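Take a look at the structures below.
Below are two complexes that have subunit A in common, paired first with subunit B and then with subunit C.
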Partner chain A sequence: MLSYILRRMVATLPVMAIVALFVFSLLYIAPGDPAVVIAGDQASPEDVERIRQSLGLDRPFLIQFGSWVWRILHGDLGTSIFTNLPVSTMIGQRLGPTLSLMIVTLLLTIVVAVPLGVVAAWKAGSFIDRAIMGFAVFGFSLPVFVVGYMLAYIFALELEWLPVQGYTPMTEGLWPWLENLILPAIALGCVYIALVARITRAAMLEVLQQDYIRTAKAKGLGQGGILFIHALKNAAVPIVTVIGIGIALLIGGAVVTESVFAIPGLGRLTIDAILRRDYPVIQGIVLLFSFVYVLVNLMIDITYTLVDPRIRY
Partner chain B sequence: MALLEVENLQTHFRTPSGINRAVDGVSFHVNEGETLAIVGESGCGKSVTSMSLMRLIPEPPGRIAGSIRFAGKDLLKLSDREMRAIRGNDISMIFQEPMTSLNPVLTVGRQIRETLMIHQGLDKQAAEAHAIEMLTLVGIPEPKRRVREFPHQLSGGMRQRVMIAIALACSPKLLIADEPTTALDVTIQAQILKLMLDLKRRVGAAIILITHDLGVVAEIAERVMVMYAGRKVEEAPVAELFRSPRHPYTQGLLGAVPKLGSSLAGTTTRLAEIPGQVPDLRKPITGCVFAGRCALATDLCRQYAPGLEEKGPRHVAACHYAAKGAVAA
Partner chain C sequence: MDRRTVLKGLAGASGLALTGGLSAPAIAQGAAARTLRFVPQANLANFDPIWGTQYVVRNAAAMVWDTLYGIDSSFQPQRQMVESEEVTDDGTTWTFKLRSGLKFHDGEPVLSKDVVASLSRWAARDPMGLMIKAIQQELTAVDDRTFKWVLKQPFPKLLFALGKNNAPVAFIMPERIAQTDPFKQISDYIGSGPLKFAKGEWVPGAKAVFEKFADYVPRQEKPSWLAGGKQVMIDRVEWVIMPDPATAAAALQNGEVDWWENPIADLVPVLKKNKNISVDIGDPLGNVGSFRMNFLYPPFNDVKARRAVLMAMSQEDYMRAIVGDDNSLWKPLPGYFTPDTPLYTEAGGDILKGKRDLDAAKKLLAESGYSGQPVTCLVAQDQPITKAQGDVTADLLKKLGMNVDFVATDWGTVGSRRAQKTPPGQGGWNMFHTWHAGADCVNPAPYTAIRANGDKAWFGWPTSAATEKEVTSWFEAKNLDEEKAAIARLNTAAINDVVYAPTGFFLSYTAWRKNVSGVAKGPVPLFWGVSKSA
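Right, the complex of A and B next:
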């Protein structure tokens, strides 16, 4: 098992290298000259040239790439063109809110979507099933920003139950932290909940046909034990897979959600960086997201072995 | 005294093409400690009968009517909760497919423990100890290691032993075994049957054995009930039935059993087969259910369904023409 994890870690290296190459090429693929952008509207051609040299943008591609990778391996993601702060510092400052949002959304999704899917499968064909699946279609079809503004309008502006926007770090208390994240998490989680509930239902429907479910009934087990222990554990592999894939959805959705709810997270940083053509920051963020995604995939594979003893690496 | 008394059991399924009368008016009883075999070909309703006893038929589309009196209680009148307290505790079941009847993601130990913890109120340690005891009892070597293993680490025979351990863990009064040996190798079949009989004596359980294997019936049953097209067509003590089967269908079944070594002795004859197919249970049947396949059928059979009549000592059959008490050997 441990050797498997190590092997997988090593195997992520080429993946990360390709991602890095791609991320770095962004600078060349994207239209516009960063040196011109940084220099501003009033700069003379000499100013632009000076900036280009100071950033090393005039050197050959491979050399630029090599020294970039070298610096990243030493933990240096570069310096923001716009703020002149180290990219790692900027990401560090914004990591907390985004991580909080993603974790709360993930937990909310699992807690809501899995039971919904289980109940839908158990009551397949009934009114409850159709209501849940109808709700799932609804969740799929509404864009994050629509749900976000609707929630903010109803629960923050009209009912005044929760704050409209903003973010409070957890160090200032659990509730102030959570209070600010509830609406964004629901908005961001809608699509995700719909997706996971549907997959849970499909996986459970198949499992509930199996002989061992009949055995469990014949043993006198209650409905809850049959559904949530005997059946759900067997249905877990596809569910875990979709939850993992959904994390990619979350990363994309977080950018929009953070804008709607004015959360000072990585999503906002990404948008700002793109608007300013702040390439070192864009590269740093994309690299970070890719790394998180590779890590999540590894975690999914490890989770398989926990839920299904027949899977061994 | 009768432990189980089934009267006029009717299990019907609603299907898009009409109501399927899978079991249609079957009555029988099982005494304490007795072994009753229910035989018949595929689709005759024997498995549905056993599932109905446990109320494991999904309702809807199924519907169970009649009465199933077990130890004085009508199981069909119990609440779901009361029924759950009986399943796996007073009545337990062994299924045909040991490969798929155990949950692949839970340890063998957990699957045995569960019934003990639900029904006997044992805590985890006590249940674990009892589970190991049960595994020893069903002849699984190294039970302490096996309790922590998963079903895929066991062979088919081992898994059926585990199923038996689960079924007998709470010392049930009635064990329903639905083709328990059909999926196993012949050599393992005999071991499993012997094990079931040994344990039945130990626990004092009655057995309902569902099978189409007449060899198994002769070996372990005391009484036999023959089912055809969802109805009981004959019932007799096992020796009586094999000696003088009265119903043409039972005679056909017995005639369809190959005799080992007959080709060596040069006495090979073509195996008797029963021509035709089981009638469509979604259509109402007038007359005898077997009339369509019976060589002896007359207009009487096609118009009037025969009732179950006494044909010998504790021997009933539903046939207009089966002779009454003809053989008295």
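Right, the complex of A and C next:
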């Protein structure tokens, strides 16, 4: 297992290198010029050129790429063109809120979606099944920002139960941390809950038709034990896969959710950086997201061995 | 017991179990009342007001750095850090004395050498500063509180230049910071103004914090814009960046923020209905909408084509697209200068008044030789103002029978593409939309967009000798009457040659909670004089 993990980690390197080259090239050919944004409307072309020179943006592609790669190899993601802060500092400032949002959403999804999917499979064809799947279609269809605005209107403005916006670190208390994340997590989790519930139902339906389930019933095992201990464990591989793939959904959704709820996370940092053409920040974030995605896939593969002992690496 | 209390109780109980009792310290009501939470117009992405000239940077910098002079609401430069000034009879040698007791945020006194370094950095980037630099003989510190500026020829608008609130503003920084290359960003934010920048709490894109500077010595005069006594009544100003207007509106209604700089017109009716919120015009100088035509390439290299567009355009259409149905938020603008300011004029503006004559405009366009070639129109979709104007222009050009190549893009792309002088089909352009702060359009000094000196002019590179002649006349004017006469001639010349197309004058609201008092109108959000009750 250890050698497998090491092999997978080493295999990450070419993936990251390709991502790095792709992102750098894309930004190089994309229209837009941070020097123009910085210089402002009053600036002369000479001023813009001087700013471009001071930022090193006038250098040839290969030299810019080479110096960026060299810095990355030394663990330096560079400095933001606009804020003059290290990219790693900026990512560090934003990591907490995004991580919190993703963890709460993930927990909410697992706690809600898996039981819903199990119940829907158990009651397949019944009103309960149709109601749960109807909810899933609804969750799939509603854009994150619509759900976000609706939740903010109802629970923050009308009922005044929760705040509209912002983020409080957990160090300032669990409730202040959680109260800022409940509405965003529900908004972000809707699609995810719908997806996982549907996959859970499909996987469970297949497992519930197996002979060993019939045997378990014949032996007189309780319904809960059959569903959640015997059936769910055997249906877990596709569910775990979807939960893992869904993390990519969460990263995408976090961009919108963080804007709607004014959460100072990586999603908003990404948008701000793209709109301003803050190249070092964009490159740093994309690299980070790519690394996280590769890592999540690795974790999913490892999780398979936990839920299905027949899988060995 | 309400639902929120139950939720709090449940989460609190689980929180105790999970964190071993981590809890938030209770914030005293008094402390909350001394913190003003403000939603600015944009993100504070950098904090060097000379290097980056965005309005939001200027607005934040106005709290942190003071100026030698400040322009008041009657557009007059008033002494700010300066105690007195003398000028020789020939107008070439200015001697300034600083007020006593001025301190930087690190406790060091403000000295003449700091002023000299600050003005040198500013003059390398500011259009008026560059004009002064071009005629400068020397700028020297005479003693700790006195400095001298010797010019080769008089520059009557010198005090205006030192006090103007258009970016870049002549802020006074410590010498060690001001010696930074003006094309490189500073990273030390020691200021001279009434509030300190809390660098450690700065999260670009999310939050910027400013704390009251206890050693600031305000002037005794009443505050007026950037002039007068800057008495800070609160301990802390927190800028909360909110990119989504609906979220900002909800946060203001919920009392999570205290002041929102510029709510969008669509949300103002909701805010006006809320009994806890005050809404009023924020900046009385408003904005001038505009689109610029490229003088280098057909069809707009011909003045007839430019006039045809002016003749056909309806400013009301543009303004309604920007501000909606609220008539108090816009005015027609048959000229280029900000309404209700001393130099405002409608001289020569008849082509923009009255019923629009589409047939005459089509005839004039045909006379220009336009024969259906594509007109590349850049429209930034991520800026509501440019998007609204772009949609109206596309409709206008189609009505005129023009072949519109509508380039829907983002502001960053427009920003770089508009600098291209290549033909429209090769990465260039024929038209783009923007707007100018009314504060920049009160006279020609900060008004880059009105200049028509060809290759050196702003994007579109208009050439109009008559316009340039009157810009010079204004700079040389010795009194207000001479200035007014020069501006009337300038307005006429600029409209005749269609330096750019003004789409109208529009205002925007600002909104604050009623427990906040002292919010004053001005071209910059003014935090001195503002207080907050619990």
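One rule holds for everything that comes next: the second predicted complex is superposed on the first by the 312 of 313 C-alpha atoms of A that agree within 3 Å, B and C clash if a C-alpha of one lies under 4 Å from a C-alpha of the other, contacts with A are read in each partner's own complex, and residues count from 1 in each chain.
The rule is short, and it goes like this: a residue touches a chain if its C-beta (ideal position, glycine included) is under 8 Å from a C-beta of that chain, and two chains touch if they have at least 3 such contacts.
The structure presented is a predicted model; accordingly, all values stated were derived computationally and were not measured.
After alignment on the shared subunit A, the placement of subunit B and subunit C results in a side-by-side fit free of clashes. When the two structures are aligned on the shared chain, A:V10 is found in touch with neither subunit B nor subunit C. In the superposed model, A:L73 makes contact with neither subunit B nor subunit C. Put subunit B and subunit C next to each other and count what each touches on subunit A; the higher total goes to C. Looking at the shared chain after the overlay, A:L62 reaches neither subunit B nor subunit C. In the superposition on chain A, contact of A:L85 is made with subunit C only, not with subunit B.
When the shared chain is aligned, subunit B comes close enough to touch A:D308, but subunit C does not.
When the two complexes are overlaid on their common chain A, residue A:S44 makes contact with subunit C while staying clear of subunit B. An angle of 160 degrees, to the nearest 10, separates subunit B from subunit C at the C-alpha centre of subunit A in the overlay. Within the superposed three-chain model, A:P163 lies in touch with subunit C and out of touch with subunit B [touch as defined at top]. In the overlay built on the shared chain, the residue A:M1 is in contact with neither subunit B nor subunit C. The least CA distance from subunit B to subunit C in the superposed model is 29 Å. Taken together, the subunit A residues at the contact with subunit C in this complex read 31-33, 36-45, 47-48, 50-51, 53-54, 80, 82-85, 90, 93-94, 149, 152-153, 156-157, 159-166, 168, 170-176, 178-179, 259-262, 264, 268-269, 271-272, 275-278. Residues 210-212, 214-222, 225, 229-230, 233-234, 307-310 of subunit A are the ones that touch subunit B when the two sit in their complex. Interface residues of subunit B facing subunit A in the complex, by the touch rule stated above, are 54, 56, 84-89, 92-93, 95, 97, 100-106, 114-115, 118-119, 150, 152, 163, 166.
Per the touch definition, subunit C reaches subunit A in the complex via residues 2-4, 7-8, 11-12, 14-16, 18-19, 22-25, 43, 45-46, 48, 51-54, 125-127, 167-168, 181, 183-185, 187, 203-207, 240-244, 246-248, 250-251, 253-254, 256, 382, 409-413, 415-417, 419, 434, 446, 448-449, 456, 458.
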